[in-house]
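Take a look at the structures below.
You will see chain A twice below: alongside chain B first, and alongside chain C after that.
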Partner chain A sequence: MTYAYYPGCSLKGTAIDYHTSAMALAERLGIELKEMEDWVCCGASPIHQRNPALASGVANLLLSLSKGISPQVAVLCAACYHNMKKAEVEMREDGKKRSEVEEISGIAFDPEVRTRHFLDILDKDYGLNALKEKVVKPLSDLRVACYYGCLLSRPPEIAFDDPEQPTIMERLLEAAGAETVSWSHRMECCGASHAVPLTHAVLRLVNDILQSARAAGAEVIACACPLCQANLDMRQAGILTKFGVAHNLPVVYFTQLLGLACGATGKEVMIEKGMVSAAPMLRAKNLL
Partner chain B sequence: MKYQIRLTGDNARLTREINARCGVDLTQCYQCGECTAGCPMTPEMDAGPTKTLRLIQLGMEDALFDLNTPWLCASCETCTARCPNDIDIALVMDVVRQMARLKGKKIPVKQPRVFQDVFLKSVENNGRLYEPGMIAFYNLRSGDLFHDVGLGPKMLFKGKLPLLPHTSGNREKLREIFRKAEAFEKEAGKETSREAHADPGHGSGSDT
Partner chain C sequence: MSKIGVFVCHCGENISRTVDCERVARASEQIRGVAFATDYKYMCSDPGQALIKKAIREYELDGVVVSSCSPHMHEKTFRKAVEEAGLNPFLCEMANIREHCSWVHEKEETTTRKAIELVRLMVEKVKRNVALEPIRVNVTKRALVIGGGVGGIQAALDIADGGHEVILVEKDPSVGGHMAQLSETFPTLDCSQCILTPKMVDVGSHPNIKLYTYSEVEKIEGFVGNFKVTIKKKARSVDIDKCTGCGECQLKCPSKKIPSEFDRGLKNRTAIYIPFPQAVPARPVIDREHCIYFTKGKCKACQKVCPAGAIDYEQTDEYVEEEVGGIVVATGFDLYTVGEQGPYPDYRGYGEYGYGEDPDIIDGLQFERLASASGPTGGAILRPSDGKEPKSVVFLKCIGSRHPSKGIEFCSKICCMYTAKHTMLYKHKVHDGTAYVFYMDIRSPGKGYDEFVRRAIEEDGAVYLRGRVSRIYRSGDHLIVKGADTLSGAAVEIEADMVVLATAVMPQPGIEGLFQKLGISYDQYKFANEAHPKLRPVECATAGIFLAGACQGPKDIPETVAQASGAASKVQILFSRDEMLREPVVAKVNENTCIACWYCLEVCPFKAITQKEIRDRKGNLIKRVAEVNPSVCTGCGTCAATCFSNSIDLAGFTDEQIYSEINALMAVGQDLFPEPGKEEGESPDEQAA
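What follows is the complex of A and B.
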């Protein structure tokens, strides 16, 4: 199983733990994520807010970089997935759009190419049963709140699971032995890149999300997006200052938990990178 | 926010202009409020998406561009996913932002626009986003010099911030796409504006 891997900017910077843990997990599962060469930034949300034609043009360049590796493009970041999948679906279905984007990017679109989120690859290509067989350290007695945020399943045309009630992360983590909680804010937006220009709004949104996860008895939040992780983890200090609430709830990537379950070490999944460390809680449960 | 609705002239012009720009038909909105109910940003918005769409339907252009709403939209697309009439409301928010820029409107809230600009500039310059550089420029341009300075050292300590920008062999190619897409958007803007104005027998919409 070889995929053309597009990391995107965050996975080489603020989300280096997401990249590293996904690589460690993929290696244990026998999945090859081969990084595409000379990739550029997808432009995240600002790019389509400014100019949708620019967003599609850049996505078409990125999709073309998979050539020679695999038409299956593996993506971990929710914003990268959203931009690339949206452009891919649009170009396949709308001939006029496709020629506009091909003109702007100067690149012919390959209709065989498929943008795939790593969650979807694990679920559909690899399969839960095969994953179960690789679990050497079940995540027993660990209560996880799976957080989807926005862009993994919106708009519905690009979703790889039910867009309103996804269960893909729960199914994967349960296959690895974890207990997942039912909670109200799993699909609520964290404010994404508004964390910089509109910090006050993001503190409000994140406070509600963390509150909801804790009320449901979660010991850790699992997410699949670098911006979700950054906002939910790094903004806890700001929430303490602004609202006087100390959540102290670790927020990790689903790849870190699955990696540990499949035998990777804490170092290999970079479990110490979080501002609110998950390490003491995981150690107490003998998972580290 | 309260508005006095006065329909004068061709109040459908704005609806036609948005339709020509992105294919979304706002006459399909029957004001059910589903978008506003699910919007995470309404507490900070001057008006929710439902009211914003109504201003467009009524052709109240000045009132529309005075709203902070499109600039506060987080592009989470909850509204788009849930609209019973399949209106891509998040795309309309993008289009209103673009129209405000192209028409040279005064933008009611500065920070999100500055963020958008410095983010895309960093990408255009380096090929990849260079977060420390972007934040430094954001603080300079927004005038909020010490914004989040406390987070920087913590992230550096955690090894989460690169010291130097990453670049890419496709940087020049990316810049070319930026240039071509910008030219394309300007040209499309001119065309749609002409089409929207070309409706015979009507004057221009006004909300004064």
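What follows is the complex of A and C.
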């Protein structure tokens, strides 16, 4: 099982723990994530606001880098996945769009290529049963709130699970022995990049999300997007100042929890990196 | 030598604006076999038809080509005129120089030439036409009605009152359908049961109606006027002749926690049950999946308590055969399920609304049960979770409907009205409550309909918000409904006690199985297709089968009843004669060349072809061949096109006729098109000769 791996900028910077834990997990599972060479930023959220054709052109360039590795491109970041999958689907279905994008990027689109989120790879290609067999340290007695945010499964054209009621993260973490909670805010927006210009709005959104997760009895939030993780984790201090609420709820990547379950060490999955560290809680449960 | 008349119509200016009709007539005279040709402004008018008749008599014509519009438009008209002049109507053909020529081309020389070509090929065809006689079919004057909802009930009663026997088949233990579940009906707010149950009783006691409840149509053979139907009577486990309907068995049944289908899961029923008190027949049925005796082998509580000895655990499914002449399909609808485990796997649900997870999020039919006097709460509006009276109820319209990304593009038509009704029923019972409605558009055409919606808003104070809801989630005692009010542009958040989803109207799950047995077509959503959306809305493309109600598309009660009466009158037209006449344009098999490959059998959409055995005088089988039943064949020609050995021909469209048309087009060295004013050449056929 070899995939052409596109990390994207965040995973080599602020979300290095996402990257590192995913690599550790993949290694334990026997999945090869081979990093593509010479990759560039996907353009994140600004690019398609300014120039949609250019956004698709960048995606086409990135997809073309998978040549020689695998037509299956593995992506971890929700925003990268969104940009690349959207362009890929559009190009496959709309001939006019495709020639426009091919012209702007100067690269022929390969209709065989597929953008795949790592969650989808674990679920469909690897399989829950195979994953269960690799679990050496079940996440027993750990109550996880799976958080999808707004980007991961929407719009429906790019979804790899039910776009409005996904269960893929729950299924994977339950396969690793965790208990997942049913909660209301799993699909709400975290405020994304508004954290910079409109901090107060983001504080309110994040506070609602954390409150809902805690009310459902969660001990940790699992997510699959660097920006979601940053907002939910980093803004807890601001919430304490502004609303006087101390959530103290660790926010980790699903790869970190699955990695631990499959025998990776806390260091290998960089579990100590979060602002609100998950380490004490996990240690108390004998998971570290 | 043929003596064919060609009649070129100007169609006012429709044809003559781009085609030189006079020239077409003059050129037609040159075609070998044409004895007379003329043009006229309106050939379909009385004088036009008189002109044709006169020419037939005067020139002793043996074939007629009317060069005018599409045969869809006036073939019948002209064939009738020809018949009145003493000629067999099937010796008249139409050359379509309007839709196929004048309407689609500019005024040019080639346009007139094309018209002449079209006339010429039709002349060649008519030369080879033979007189055909209509087919006579016997009619069995009994009807089958499938479905015992209000549509089926109305159709059955109308046909029965017309003096004909009716077989009414209903899959559930009682007739009544969805209408029996409703509380009040729009736009008059009269009680649904009060107007329906008398009709249910009539159906149960009418001397001309034979009622099969808890039964399904298993097999259908035959054709219009002569259907043979096999009906499966599912084992009720109760002898309905012995049973008196006393209900003792229901009281004693220990298996009591089965969600009632009639109350849409808002109340439980027992394993032996009468679906609702007004059921017809008021006889119970044992649900074998949940019965303790059938699942665990012992119990028999109902048998012990039954004073009539009517419980029969040994009963098996029974198959009965009935012969009928016409069929009314009234299988109705079901609601699109918004939860994950819906019966329609192709359609994505609304996970974001939490239907099926939160008991206070219900659908429209569940609200009907809550508001109904015979419902689980006795008509009090109480929310399912804790039985409290909800002080704020949010109604969401277009759940599934008009939402292509959920798989459905159509409008369910009834929801705007029933949601307005729901808000009224709610406000009439909970005076201090608030009803909110999220809508995309308010569609209320119909007699008294818009007035009704205005009343809900203006008199009963329902708060209508134009926009969609993005999420519903629970927060303590309330449901938080997040949506947009697109008129004010504001995001709206409502604390609701209960949410009602107006889910899309869909056909009964799996109904396409029945449609396939009947040989009727259906659309992508599995709604049955009518023969023509405007002019034949009650008929199916298959002769003798008619549609009533929501099996064809979303419909409210008045429309369903109207269509059911329409279907019933169509059946009675069919039954008004002992014999019916059908067009003789049907397929015929050449038994000498048929190689018995049976491809025709497979492709025939109307099941008109069967295997026929040919035997010698001693009764030994010589060969098997395909045989077309002319009473069923519609003359579509699929078999003729498929036949491997060229053994099937369609009367009126034989290979010889079609090839002669093609040859006429391909013929070379002909000049039928002299420029106006030039000397006319010799007829091409004569040249060729």
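As a convention for this text, the second predicted complex is superposed on the first by the 288 of 288 C-alpha atoms of A that agree within 3 Å, B and C clash if a C-alpha of one lies under 4 Å from a C-alpha of the other, contacts with A are read in each partner's own complex, and residues count from 1 in each chain.
To be clear about the criterion, a residue touches a chain if its C-beta (ideal position, glycine included) is under 8 Å from a C-beta of that chain, and two chains touch if they have at least 3 such contacts.
Predicted model only: the values in this text are computed from it and were never measured.
Trainee: Could you tell me if A:Asp162 is touching chain B, chain C, both of them or neither one (first, second, both, neither)?
Mentor: second
Trainee: Just to be sure I read the superposition right, which of the two partners does A:Ser184 touch: chain B = first, chain C = second, or both, or neither?
Mentor: second
Trainee: Of the two partner chains, chain B (first) and chain C (second), which one does A:Tyr148 touch, if any: first, second, both, or neither?
Mentor: neither
Trainee: Kindly classify A:Ala44 by the partners it touches after superposition: chain B alone (first), chain C alone (second), both, or neither?
Mentor: first
Trainee: For A:Phe254, using the defined touch cut-off, is the partner it touches chain B, chain C, both, or neither? Pick first, second, both or neither.
Mentor: neither
Trainee: Tell me which partner touches more residues of chain A in the superposed arrangement, chain B or chain C.
Mentor: If we count touched residues of chain A for both partners, the winner is B.
Trainee: Please indicate which partner A:Tyr18 is in contact with in the superposed arrangement: first for chain B, second for chain C, both, or neither.
Mentor: So A:Tyr18 meets neither chain B nor chain C here.
Trainee: Determine, under the contact definition given at the top, whether A:Phe118 touches first (chain B), second (chain C), both, or neither.
Mentor: Neither partner.
Trainee: Can you pull the chain A residues that chain B and chain C both touch?
Mentor: Shared contact residues on chain A (touching chain B in one complex, chain C in the other): 155-156, 163-164, 187-188.
Trainee: Over in the complex, which chain A residues touch chain C? Could you list them?
Mentor: Chain A reaches chain C through residues 155-156, 162-165, 182, 184-185, 187-188, 212.
Trainee: Quick check on the complex: what are the chain C residues that touch chain A?
Mentor: Checking each residue of chain C against chain A gives 340, 348-352, 357, 405, 471, 473-475, 480.
Trainee: What residues on chain B touch chain A, complex-wise?
Mentor: 22, 40-41, 43-44, 72, 74-78, 80-81, 88, 90-91, 93-94, 97-98, 111-112, 114-116, 119-120, 123, 127-129, 131, 135, 138, 142, 147-148, 150-151, 154-155, 158-162, 166, 168-171, 173-174, 176-178, 180-182, 184-185, 188
Trainee: Given the complex with chain B, which residues does chain A contribute to the contact?
Mentor: On the chain A side, the touching residues are 9-10, 12-16, 37-41, 43-54, 57-58, 61, 65, 100, 103-106, 149-151, 153-156, 163-164, 187-189, 191-194, 196-201, 204-205, 234, 237, 273, 275.
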